Each structure stands twice: as structure tokens, then as C-alpha cells.
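One chain, chain A, links the two complexes that follow: it is found with chain B in the first and with chain C in the second.
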Partner chain A sequence: MTARIHPVLGILTGIVFLFLLAPLVIIVGAAFSDTSYLTFPPRGLTFHWFANIFAIEAFRTTAVTSLEVAFLGTGLSLLIGVPAAYALNRYRVELPKWLATLFVLPILVPEIVFGFSLLKSITIGLGLPVLPSLILGHALLVLPYSVRVVGASLAAFDFSVEEAAISLGCPPVKTFLTVVLPNIRAGVIAAFILAFITSINDVSVSVFLTGPGISTLPIQILAHMEQFFDPTIASVSVLLMLVTVGVMAIVEATLGLTFLTK
Partner chain B sequence: MTVSLTIENLSAHYGSTQVLKDLSLSVAAGELVSLLGSSGCGKTTTLRIVAGFLQPTSGHVRLGDRDLTTLAAHARDIGLVFQNYALFPHLTVMDNVSFGLKQRGVAKADRLVRAGAMLERVGLSALADRLPSALSGGQKQRVALARALVIEPPLLMFDEPLSNLDAKLRVDMRVEIRQLQKANGTTSLYVTHDQEEAFSISDRVAIMNAGRIMQLDTPEVLYQKPANAFVARFVGFENLIPLTVKARDGANVTAEAAGGASLNLSQDIFGAIPDRFMLAARADGLAVKAVAGKGIAATLGTRTYLGRAYQYQCSTAVGDLVANGTLSEPLEPGTAAVLEPVAEQCCILAPEA
Partner chain C sequence: MNKFAKWGLTLPATIAVIVLLLVPVILTIATTFDEPKGPFSTYAAFFNSGFRVNILTRTLRIALITTSISLVVGFLAAYVIAQMPGRLKSLAIIAAVFPLLTGVVVRSFAWLIILGKNGIVNDALTGLGIIAEPLSMLYTEGSVIVAMVYLFVPLMILTLTGVLEGIPRDVIEASSSLGAKPVATFLQVILPLAVPGLIVGAVLVFTGSFTSYATPQLLGGERQMMMGTLLYQRAMVTFDWVGASTVAAIMVVITIAIVAIMSRMARRLNPMAV
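After this line comes the complex of A and B, so read on.
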């Protein structure tokens, strides 16, 4: 039994996919173009622009910085976010309602405003060096993902299971680590991936927090584009896509992609 | 090791609402006592305070000679069986049952033996390697029971353990719970809103209302001799008739109800009857008579066939009453009749304030 699809719906769906995929096709094509400027359809075929990424030191160092910031920032956001999500769910009745909203503010506030306020508060206010500023800034930026996604897992968690463990003689912290955490594992991994990707992609917060000598990959891509309009940018984009596809493939193989959407 | 549970003058608040009012209760060693009441009566709050999940505003909880009141929940050594089973979803049946032993530092080989023996007792040996998600409701509750029993706790507590099971399984499980509890001689506190369940499983039942115990007694006494109007209504005395004593002649008392109906009651049956009192009667305790006699004059309303009797909704001078009449003479609605108390099935209560 196959459901009949209305032709208009089919056409609309096709258009949506076209809009989503066409830019990616153009970028992939442009990355292999044997021209010194971005063009589509590509002319010739070369891997020169991919080699160029690795030849330019700024791409290498900013990629490392981006990974550092994403790993540490996301890790920090989980260290804050998991306990926060736990408290928000466990003590939902006792805690004031606005507290949950507080943790999603970084998503609600326009990113450019958020970035600027971080510059004022962390970099200038606290006088932190660039790298710690970036890590802290990204941790706050992705905190809503940690709290919300882990929170969604906890909402489905039956807290009487926790009480059962405690009644059987397991102290509270050990109960959290050995009983609660294994049951919200999928949520924590999903939160990590979403937060990590958000951090890796971020421009608007990083642009305020990067400083002399230290930058992230997206900022470097922008900087490179301002000077050279060559296919290097397209090849970096292709690499980033491949990394994302790789992460998703690992997730699919280990947990199944559906857990990201539930 | 059997010890008694003593709850002394327990009070508890949620915010400004007082949910337990100076509640005292003791469960003798090896006894099973139920807390019975509708939702919000404080029965679950009591259980959660004894478990250590809630702190009372005042009062004490003692298990044997240990004062538990300020002890952390995980140090109380109480077996708990939850309404929704609360099995560890990520652990197998065997690991669920041996969890408590592991916390007590029991060696792995010993754990497997003891948990295995307990699974055997609840008839689940074959399912030891399953995850809880692959079990039926009844199987889950057996695992939960085994998990609580295997640590050989001095106190077992049940929080509506059978509410999520279907009717047939509920009856089977309560027999099983009772047998295991008796065999182990474990002091037990059992929370339920189901009267039949409480009466069938317990040595004694505490009927609760609004944070207080209204009466704590054996099921037989509660059912036949309720101590007050609340308990009487709870155990099915549908008719509560206020009466005033008009004359006393030795053991015989003549009492009058509103509207002038006069009843003869014997203190040999009811014990001392105060000047103002209430007569409590189930429908069975009020006999419908078509002939004139001593009793409460009534006009019969809707008639229902019960199998063993006909039941009538009756309107009388003391209000609407429910009474039963014999199968041999069905009476039509609108008939004037007399309702006669069946002394052995009625009881005397103090008037409601």
C-alpha cells in the first residue's frame, strides 16, 4: 500500500529540496574548478584548492582553535547544562518558572547582541585572554542546547527509578552517575553534537571575541574571502561538509539518527 | 530480624498547606499495615517521609530502636515497591535484583546466588537476562518485589503497587505479596486507595482523611464497627440517621428521628447509647416493610434488582435513604412503606459536629 502524493505537494517538496541542495552542489562544483576565482559550472578539474587550505597556515591554526573551542566550550556547557537540566526537571514544581527561560536566553537574544555583550562583559569586563573568552563565550552560546536537549531526555525519565536506587542504598551522587546518566545518555550525546556543530559554525559571537593572533575557522574563512575570491573557500566548505557527514554517519551507525529528532 | 515501625506525631507541610496533622502510627514486628484513603489524604506523604524522600515539619520515625527521622534516605535500609515499578531500564532483570546487594558490597558470586534464589521465588528465573522493557506489567512488579526483598530489609513499603495491573492480576499479585511478606515476616507499610485490596492484604488498616488517621483497626472491626461517620461512609454505610433518645427502660432505648419516626434499640446489642447519636446502616441494614410497624415512614422510589434482594431509593422525613426489600414481594415506586433497622447490621456513632 503506497500513499498517493498530491502532485502540487510533490512539486513543492521538490522545490524545497532544490533550494536546500543546489547551493551545496554549486559549492562542491566550484571547489574543483581550475580557475583562480569562484565559478560554476566548474572549468577543468583540480585538487589545488584543497592543497591550498593546508598550505595556508592561518587555516590550520584556526581549525585547531575552532576544534579546541568547540570541544572545551561544549564540554563546559554540558558540565553546567546537565546538572541545570536535572535540577529544572527534578524540582520542576519547586523552582520558579522563569528559571527554565533563563537558560534559553542565548538563543532568544539576537546573536550579534549576545556576541557584543560577551565582548563587553568577558573580554573587557573580566579582562580574560582571547582563548578563554572564546571558550566561555561558546559555552554560553551552546548552553541552551545542553539544557533543552538533556532536559527533553530527563522529562521522559521516571524519577522514581532514582528513588528506587537510593532506597536500595545507593548514595545520591552515585545514583546520578550510575542510574540517571546511563538513562539520559542519548540526550547528552545529542546535546553534545548539536552544541558542537553550533560552536564550530559560529560567526557572530566569535567575531567579537577573536583577537590578535587567535581566530576561529569561520572567521578565517570570512577574512580569506575579503582578500581572495578564490575556490579555497569552496574547498574548505566541502571539507566541513564531509566532517559533518562523517559525524552523522558515526551517529547513525551507533545510535541511529532518529534519536536526534526525538 | 523483625522490628517495629513507630511514627510519632508526624506533621508535614507543602508550602503553607498542612498535609499531615500530628499523625501517629505503629506497625508491630512482622505486621502488615495499610494506609487507605483517597488521593490527597496524606498516605503517600507518610510513606515518603518514612522512606526519607520528604522531611517532616515535626515528629519522629523509628524503626526498632533506630531513629530514622534525620537519616539520609540511602542509609535507611527500607525495601520500596513503587506503583510504576521503577525498574532500572538500562539493567537486566538479574542486575536489577542484585543492585541493592551490590550497594552493600556483597561479592559478585554471592550476589548472583542470592538474586537468583529470589528470582526463583517470584518465578522469573527464565527472564534473568531480559531488560525491563521486555517484561509484562505483572512480571515487572515481581522483579520490583524481588529487588526490594533480596536486601532483606527490616521494613518493606508498598506505594500503590498494584494500581497499574489489570483486575485479575491484581488479585493474584496481592495474594503473592501477602505470602512473601508473611513467609519473610517483614514489617510492612502498604499504601493504597483500594478498600478491597487493603482489607484483603492487611493485618490492620489505617483509614486516612485530610492528613489524619480516622481509625486504625483490623479489617473486620473497620467493616462492622466504624468509629466515626467518615469511616462509616468509607466502608459503605450509606444511611446515617441522626436520632435523639426519648425514653430509657433498662437496656431498651426509644429514640426519635426528625419527622417523628420512633425506633426501639437495645443496649444489649449496641452497647451504651448516648442521648444524641447516629444510627449507621448499609442498605442491607434497613429492611423495607410494606405493612405498618415501628420504623421510619418512607415513600419508595427507584427499585434495583441486586440478585439477593431488591434495593430501593427511599424518601423519608430524615432525608433520602437506601434500603433493601425481600425478593418475594417486589414493591412499586410510590408505595408507602416502613424502614426497619436490622439491629445486628447497624451501629451507633457519635453525632457529627
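After this line comes the complex of A and C, so read on.
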């Protein structure tokens, strides 16, 4: 699609982008302020609040838990999601339609309802400890990414290539690993990144599944904010934004960012 | 072999969804009907409480306003982005994706700095002498809506950019070469073709804001409770699990109804559908 853009539309779009980016710039500014309260523009310049993050033990332990949960949850979702996506595409005609719907249910059910139900049934009902509950909850939460994003890659894959390998005597598992998987690499990477980011930022599910001693970073940030309103939170936010920058660099290097509009 | 493969490969994911999601959520909803005072007593209690009905209507209102604003703002930006030359377009998409990949907590927190008592807006207004005392803008419906629009505009931009880029150039050229003015081309060609995308975006934003928790918690507080924060408060503060389950059931029903109605609309309004 191509049409002429009126200058007024251009200016309005500029304002939209200012609206999108200014708050993030403000957080960065506030993180360096030499005041005990949050303010922008920053007064003075200090790295004290960054040092403060590392001085507070709760931030260190919850960051580790968040990474643990994100890696294991995302890994688990790919482990069960990629075979499902493969079967859904390979046996598209034979498998019932509701199966594909089943795997996107985690998007349809409100996250906060899912978190609460998981707490009731799994953590309390079945007595599963907090950490495994968190990992399972996050794996389910991000399962739609594994199935849908990998599925989109598989939809473009020509399965006759796979059949050729098998008819030439390659065992099915080896065929999958050496023929199918390299062809859907981009989809798997994209699914991993989207799932990882979703997991590490999640509040609605985690808020129910954190117990004494075990919490995730976003939940810890919320808890800290209730007691202190100092620039420490701004500096944690800056660190989290750096993670986002890193992730975007990976996306750009592997898939190209325009991938995300598809 | 094939028979085993096609079911066996989907089995782990199927079991996971049923055991961890479907059964727990159904149990949550089922418990609301298993009340000594009758199966619908907890719903009667919900809808007889002015306080709780207020929260439901507030949540619906905030979700509706957020969706409307996001649609207009997102469509405008996506429309301009779709016409941009390659390099500028990548930059614009980066600028939209970055906030999207930044967490909800961080993005909501930004508005605490902006709208707070010592925030930028108050500093600017008192500095300019427009107001004498700082305004209390936090914990109002407006502050929740601003933060939610901020949260969802990037999602709308990305959804609509993809849709607008997918509109074939020939269709637009045909329209203008046949003498349609740009406004007519926009209203009669581009907009109708974008309707399915607009509906997808609207569903994403409406359900996202209707079920949000972190943003109303931070910017609405106790005063502007929404369904998500009400559910949390019932479950984890007052330990009224039946009350919390009732809120959960109402959220599920409304979310599914919205998705069902809107996807039916998307199918009917799609001009490309045969």
C-alpha cells in the first residue's frame, strides 16, 4: 500500500512516538537523580540507586528466580509445543480442529483467572511447591507462542523434503533434527524470545504463585514500590530496559524486526 | 507409526493444557455454583452489591475508552508507518516494539513519575504558576486510562501496520486512477480493507485492558479498583475464595463473549471474504 501522507498526519504521528518514548526517557533520567524521591529532570547525578539494587538482597534473589522460571518455563513450552505444532501441520487434515484451539486457550482465558485457578488447584489442591508451580504456570502461559509461531514456520515448510529424507532411509527423529528443525529455526528463535519476554515480565500469573521466600522480579518491584518511592525502582527499570535492548538486538540479528509486524 | 505420531506428538501439550488450565479454571467456575444458599446466590450477591457492580461497569468503561483511543492513535501511526520508506519504517517499528517488550510494571511505573504529586506535570504547572497546589492526578480513572492507552498503543500499531502493508498497491492505484479523491480512496477502499485488522486489534486491547491487573493496581489503587484488582483483593487479602471465583467466572464469560462476537463480526465485515 502506498499513498501520499499529509504533513498534519506526519506531525501527529511524531507526537504519538513522543508519547511512546518520552516516559521511558523519563525513567532513565529519574534513575540517576541524587534525591531520595523520584523526580525528573534529575537533580544531580549519582549511581547510588544502581548500587542500591545490588545491595538489596530481595532484588538479587528474585532476579535469579525470574531467570530460572523464564528459561525453564520457556524451554518446557517449546519441548511440548514444537511437537504439537509439527503434528498440527503435518497431519493437518487428520487431526480435529479443536486441537489447535485448545493450544491457544492460554491466550483466551484471562491471565489473572488462570493464575488464581492454578493456585487453588495445583499449589494448594495438589500441594505442589511454589517454584515448580511457577515454572508450570509460565510454561502454559507461553505455550501459544511455541505452537503458533513455530506453526507459522512449519506452514511454510515443504514436507516432501522430509519424506525424501525418510524414504532414503533416514530415521524419523534424525530427519526431524537435521532436516525439519534447521528449516524452522527462525520460528523457534522467535517463539523463544516472545515467550521469554512474556515470562520475565509476567505479573498476573506470578502474583498468585509467589510464596514466602520465592518471588519474581516484577512482583518484588511492586512490593518495593508499596514501601519506598525512591529512584531504586527507576534504576531496576533501566536494567530491565537494557535486557529489552539486548533481546531486540538478537531479534534484529536473527530475524529482522519487521518480522514482528507479520 | 503415523497414527501414534500424530496423536502422540500432541499428547504432552494436550495433557498440560487440560490438567493445568482447563480443569483448574472449570473447577474455579464450578465452585461458585456449589453454594449452600443456592447455585446462583454468589452471583446475586455480586450484582446486588453496588460497590462490586460499580467495579464491573468501571472496568468495562475503562476498557472501552482505552480501546477506542488506541484504535484511533494506533491506526493513525500505522497508516503513516505503512507509507514510510524502508529505513525510516524500521526505525518506527523499533520505536513501537521497544515499549511492547518492556514490562507492564516498568511502563506503568513511568506514569507514577509523570503524574505523581512531585511529578513532571505538577512541577511544570506549579513552576509556570498555573496552579498553586499540586493536583492529585494519580488514583483517578484518567490516570488508569492514560497508562492503559500507553500500554496498548504499540500492540495496535504493530497489528495494524501488518494489515495496512498487506493491502495490495494495485487496489489503491485503481481507485485513484478511476478518479477517486484521496479522502474517498481512504474511506471507501483502505478503511474497509483494514476493518478485519481493526477488529483483531480491538479484541486484543479490550480483553487486555478488561483483565489487566498491574496497571490498575499501580495507578488506580483502592479507589479505582477494576475486576483484576478486585479478584486479587478477594483472593489474597480477604481470602474470600468464593467471591474471587465469582469475579473470575464473570471475567471469563465476558472475555469469551467479546472474542466470539468480534470474530463473528470480523468474518462478516471482511470485504475480501468470498
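Here, the second predicted complex is superposed on the first by the 245 of 262 C-alpha atoms of A that agree within 3 Å, B and C clash if a C-alpha of one lies under 4 Å from a C-alpha of the other, contacts with A are read in each partner's own complex, and residues count from 1 in each chain.
The working rule: a contact is a pair of C-beta atoms (placed from the backbone, for glycine too) under 8 Å apart; a residue touches a chain by one contact, two chains touch by 3 or more.
These numbers were taken from a predicted model, which means no experiment stands behind them.
S.K.: Clash or fit: what happens to chain B and chain C when chain A is overlaid?
M.R.: Taken together on chain A, chain C would fit alongside chain B, as the superposition shows.
S.K.: Once the structures are superposed on A, label A:Ala51 by its partner contacts, choosing first (chain B), second (chain C), both or neither.
M.R.: neither
S.K.: Of the two partner chains, chain B (first) and chain C (second), which one does A:Ala155 touch, if any: first, second, both, or neither?
M.R.: Neither partner.
S.K.: Chain B or chain C: which reaches more residues on chain A?
M.R.: C
S.K.: Roughly how many degrees, to the nearest 10, is the angle at chain A when you join its Cα centre to the Cα centres of chain B and chain C?
M.R.: Given the fit on chain A C-alpha atoms, the answer is 90 degrees.
S.K.: Go through the superposed model and pick first if A:Val64 touches only chain B, second if only chain C, both, or neither.
M.R.: In the superposition, A:Val64 touches no partner, neither chain B nor chain C.
S.K.: Between chain B and chain C, whom does A:Asn183 touch in the aligned arrangement: first, second, both, or neither?
M.R.: First partner only, chain B.
S.K.: Considering only the touch criterion stated at the top, classify A:Ala164 as touching first (chain B), second (chain C), both, or neither.
M.R.: After superposition on chain A, A:Ala164 lies in contact with chain B alone.
S.K.: Thinking of the overlay built on chain A, is A:Ile250 touched by chain B (first), by chain C (second), by both, or by neither?
M.R.: Touch status of A:Ile250: no partner.
S.K.: Now for A:Leu242: first (chain B), second (chain C), both, or neither, which partner does it touch?
M.R.: neither
S.K.: Taking the superposed arrangement, what is the smallest distance in Å from a C-alpha atom of chain B to one of chain C?
M.R.: 8 Å.
S.K.: Which chain A residues are contacted by chain C in one complex and by chain B in the other?
M.R.: 172
S.K.: Under the definition above, what is the set of chain A residues touching chain C in their complex?
M.R.: My answer: residues 1-5, 9-10, 12-13, 16-17, 19-21, 23-24, 26-27, 30, 37-40, 79-81, 83-84, 86-88, 90-91, 94-95, 99, 102-103, 105-106, 108-114, 116-122, 136-137, 139-140, 143, 147, 172, 197, 200-201, 203-204, 207-208, 218, 221-222, 225, 229, 233-234, 237, 240-241, 244-245, 247-248, 257-258, 260-262.
S.K.: For the complex, which residues does chain B have touching chain A?
M.R.: 51-53, 72-80, 82-84, 86-90, 99-100, 103-104, 144, 147-148, 151
S.K.: Given the complex with chain B, which residues does chain A contribute to the contact?
M.R.: Touch residues, chain A against chain B: 158, 160-161, 163-172, 175, 179, 182-183.
S.K.: Which of the residues in chain C come into contact with chain A in the complex?
M.R.: On the chain C side, the touching residues are 1-2, 5-7, 9-10, 12-14, 16-18, 20-25, 27-28, 73, 76-77, 79-83, 89-90, 92-99, 101-107, 109-114, 116, 118, 120, 123, 150, 153-154, 158, 161-162, 164-169, 172, 182, 185-186, 190, 207, 210-214, 217-218, 228, 231-232, 235-236, 241, 244-245, 248, 251-252, 255-256, 259.
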